[in-house]
C-alpha cells in the first residue's frame, strides 16, 4: 500500500506544481537557514577534547590592580598568567599530574629549497607536557622531554600539514628547520589534530582556526625573543625596557593548563594555588583579595564566551524563521488538501477508511518534507560556504557531518509532519457525502 | 463594503486566517528586530576612523635577518616611501587604527592618580609626518618637530616628552581647560610627565568595540624593539592601487625581511568589522527571504480561497457586485487578517526585543521601528493579495447558474 | 438484502434542526432494481448516503445482508463499502489525474488484492464497458458517456452485490443515457442489486419498482410495483439463468 500512496503523492505533487514547489521551498529555506546557524552553533559549542575535558583545567590567579572592581567570578579576571607565576607553577611540586604554560608566537621560517619563500610560521611555545596532557597524536617521532625544556633545546614538533609542506610528508625526524635564522631539530610530527574550538587559547579571533604548525620549548622561544602574538595585559608596565624586565613584570600573557584527575586532586590543586598566592602577598605581590580559579574545559569555553552572541542571536532568529516557514506550509497544505475534498470523498465511498486517507496524505506530507529537507541540506551547505566567506577564521566550522545531515533530514520530516498533521487530520475527517453530489 | 460580514466569515473559518495572522505576527517581530540590529551594526561600521580611508595603505613587515641593521633599514624605508610618486605621506607606527590589534595605555592629569581614575586611550607611535599620513587636522597646538622623534629599541624606552592627543582624549583629561601645554602622567612608575603639544580632531583607536574608541594619542618615537614594522601610507586620490603594487615590489627586494601583510585600509576595515558586516548581510538576507515567503504564503492562501469560493463570487457578481466590489472584498479581508497579525506582532516584536536584549545585550529597539514595520507589512499584504483578488474579480457572473 | 426500519436522520446546527429522514421504512430484495424518485430536498441523497454507509442514521435499524450496519466504526463501514457496495455518481467523479486503469483500480487497492488479480479484474471490467483499448487515457480525454462507463467499471470491479447510482444519467444526453441505462440493466440481470436515484420518470419506469421519497418518508408506489414485478421478475430470472 505504501508504494501506492507514494505514487499518489507524486501525482498530487505534480498536479499542483506551484503550490508544491512553494511548500518545498518554504520548508527548504527554513531548514537551510536554521541548519546553517545551528551547525555553526553546534560546532562552536562542541567539546574539543571529549574524553578528558573534565580533567583539564584552565588556571587563573588574580594578580591585578588593587583599584579595579572586585572579583566575583572567573569572568572578572585576566584569563592568563604572568611569566613569574607560570614558571613557579611549572617547577613546583603541585598535585597536578600534568601542567603546561604556553603562548602563541611566530617565527620566520626559511624552507630549505630556494624556490620557497620565507614565511611567517604560526608557533606555540610550551612545555613537553603539552602533548601528553592534550593527548596529541604523533605520526613520527615523539614530543621532547623534560630535559629538553630544562636545557632550552632547539627542537620542534611539526603539524602534519606543515611536515607535508616542508618535507613532502616524509618522516622528517632529525631534519632541521630554520626559524628566525636559527636551526631547530625536528623531534616529532603530529598526526591530524584539530581541537575545535581551540580551547587552550581562546584569545579573541582564531579560536576556530587551525592549531599551530610549530611547537617549540618555551625557553627556546624566549631565548630567541619570540614575542607573544595574543593579548598582553599589564596593569603595571615593566620596570624597564627589554626582555628581562618584561619577564619579571606583572604583565599576563601565558595560558596555563593543569590536568587534575579527580575532584580531590582539583581541590588540592586549588589549595596549592591559594597557598602560593598567600606566600606571594608576603613579598608585596597580589595586592587584591585572594582569588584563584580553576575551570574545566567546557566551563572555560563558557566563561570566555567562545560561542559569540551574534551566533546565538542568529540561531534564535533562524528558529523563528523556520517557524514562519512551517506556518506557511501548514496554510498551503491546508489549502491544498481541502482542495482534494472530492477525491478523498470518492476514495472513502470506494471503501477507504479514515486511516487509509490519513496515511495516504501523510505519505504526501512526508514526501514534501523530505524534498524540503534535501533542499534544506543543499541550502545549508551553501549557507555554510557563505558563513565561511563572511567570517574570518571559521574554516573548521563549515562542514556538515553525518550527524548534522541526519539532524537536518529529521528536522525536515518533523517540521513537515508538524506542518501536515493538522491538514491531514482535517481532511481525513471530512464527511465524504457532501462532496459527491454535484462537483 | 462592510467589515462585519467579512469578519464574521473569517471567524467562522478560523484556522486559515489564523495561520496567516500568526505568520504576519512573527514576520513583524523578526523583521523589526533584525532591522534594528542591522541599523545599529551598519552605523557602527560606518563610524569614521579619522583616516583618509579611501587612499590609505597599511603594511606590516617582519625583520628576521640576524645581520640586518633594522634602524638603517627603517630610515631608508621611510625616505624611499615618502619619495615615491603618488604618496602624500608615510610613517611607521607600532600599531594601526581599527586593526583590532594595538597598544593601550592610560594617562592621568595628576601624578599618583589611583589607577581606576586614569583615562585609557589607544597609543600610536609616530613622527612629524603622522598627522598628514593619517589625515588628521590639528585643532590646537603644534605638530612634532623632527628632532623630537626618538628611537625605541629593545634596550631603551625613551621618555615621551611631547605628545599629540585626540580631541576626545583631551576633553576626557581636561574637561574645563585647554589641553595644550598640560602635563599628563602615564603611570606612577614613570619619572616624568609628558606634555600635550597639540590636539587633533578625531582618530579611532585599534579596537572599534572598546569604550574609549575615540581616545587616542600619538607619541614621538619609532619602535624597533620588535621585529614588526607597521607602515601607514597615504596616497593621492586614485593612486592608491599603483602605490600598493610599487610598495609590494619595494618591500620584497630586501631578503632579510618579509611582508606579513600589505593591504588597503578599506580592506583592513572590512576585516576588522567582518563579524558585524556578516551579521548585517545575514540578517538582511533573512529579512528579504522572510518577506518573500510571507508574501507567497498570502498569495497561495488567497488564491486557494478564491478557487474555493468561485461559485459564491459568481453569485455575488450575479447579484450585482462589480469587479471592484469583489476586489475590495478580498483586499479588505486581507487587510483585516494582516491587522490582527500585526497587533499580535507588535507584542511579539517587543517580547523578542526584550528577550534578545536581556540575553544577548542587543539593546532596546526604539519604538519607531514598529509603525514602519506595520505599514510595510500592510502594503506587503495588499500587494500579495492583488493578483488573487484580480482573479476573483475576473470570475464571470454566469458561474452562479452553472452546476459544474 | 437491504432492510431499513424507522430510519431517522437529523442534521443539527446551532440554530436549527433539519429532519432529512423521518421513520423511513424500506426493504429491498436481492436482485431488485429499485428507482427512487422525489422532489429535491425530499431526502433522496440522505437516503442514498445512509444506504451506502457514507453517513449513519440518527436512529432506526439498517440491516445489510442480515447484518446491522447502522452504527459501524469507520473502519468497518469502509470495509463493507469496499466489499459490498458500488457507487455511480451523476458527475462520474473520476479522479482527473489518474488514467482509466488507475481509476478502476481505486477500490481494488483498498480491497488489498494482489497485483495480478487486480489487473485481471480491471481489464475485464474495461473490456465489459468497451474501453479496454483506452485504459491509459485520462478522464478528460473521454466523452461524458464514456466517463460514466468507466465509473460503472470502477463500481463493479470489486464485484459488489449492491450498486447505488445517484442520477447516473443526469449529465448525459439521451443517447448516452440510454446506453448507460442498458448497461445497468445488464448488470442487474447478472444479479447485482441496484438502487438508483433519479428524477427522470421514464428511466424510473424501467426499474422493477419505484419508490418515492417525500418529506423524508418513503411512499411505495404500490400499484405500479405490483403491476411490474410480475412482468420483470420472470425476465430477470431468465437472464440470471444465462450467467
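Order of writing sets the labels: A, B and C. Residues in every chain begin at 1.
As a working rule, a residue touches a chain if its C-beta (ideal position, glycine included) is under 8 Å from a C-beta of that chain, and two chains touch if they have at least 3 such contacts.
As the structure is a prediction and not an experimental result, all values here were calculated from the model.
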Taking each chain's C-alpha mean as its centre, the one farthest from chain A: C
Top chain pair, ranked by how many C-beta pairs fall in contact: A-B
Approximate Å spacing (C-alpha centroids) for the pair chain A, chain C: 68
Whole-Å gap between the CA centroids of chain A and chain B: 26
Separation of mean Cα positions, chain C and chain B [Å, integer]: 74
Multi-partner residues of chain A (each touching 2 or more other chains): 438-439
Two or more partner chains touched - positions in chain B: 404
Contacts with 2+ other chains: residues of chain C: 91
Chain B residues touching chain A - in the complex, by the definition given at the top: 15-16, 19-20, 22-23, 26-27, 29-30, 33-34, 37, 62, 64-66, 100, 114-117, 152-157, 186-187, 189-190, 225-227, 258, 260, 271, 274-275, 277-279, 281-283, 286, 289-290, 293-294, 296-297, 300-301, 303-305, 307-308, 352, 355-356, 359-362, 403-404
Chain C-touching residues of chain A, taken from the complex the two chains share: 1, 4, 11-12, 14-15, 342-343, 345-356, 431-433, 436-439
Residues of chain A that touch chain B when the two form their complex: 19, 22, 25-26, 29, 33, 65, 67-69, 106-108, 117-120, 180-181, 204-205, 225, 227, 235-237, 239-243, 308-310, 312-314, 316-318, 320-321, 323-325, 327-328, 330-332, 334-336, 338-339, 386-387, 390-392, 422, 426, 438-439
List of chain C residues in touch with chain A within their complex: 45, 49, 52, 54-55, 74-75, 77-79, 81-83, 85, 87, 89-91, 93, 95, 97-98, 106-107, 109-112, 154, 158, 166
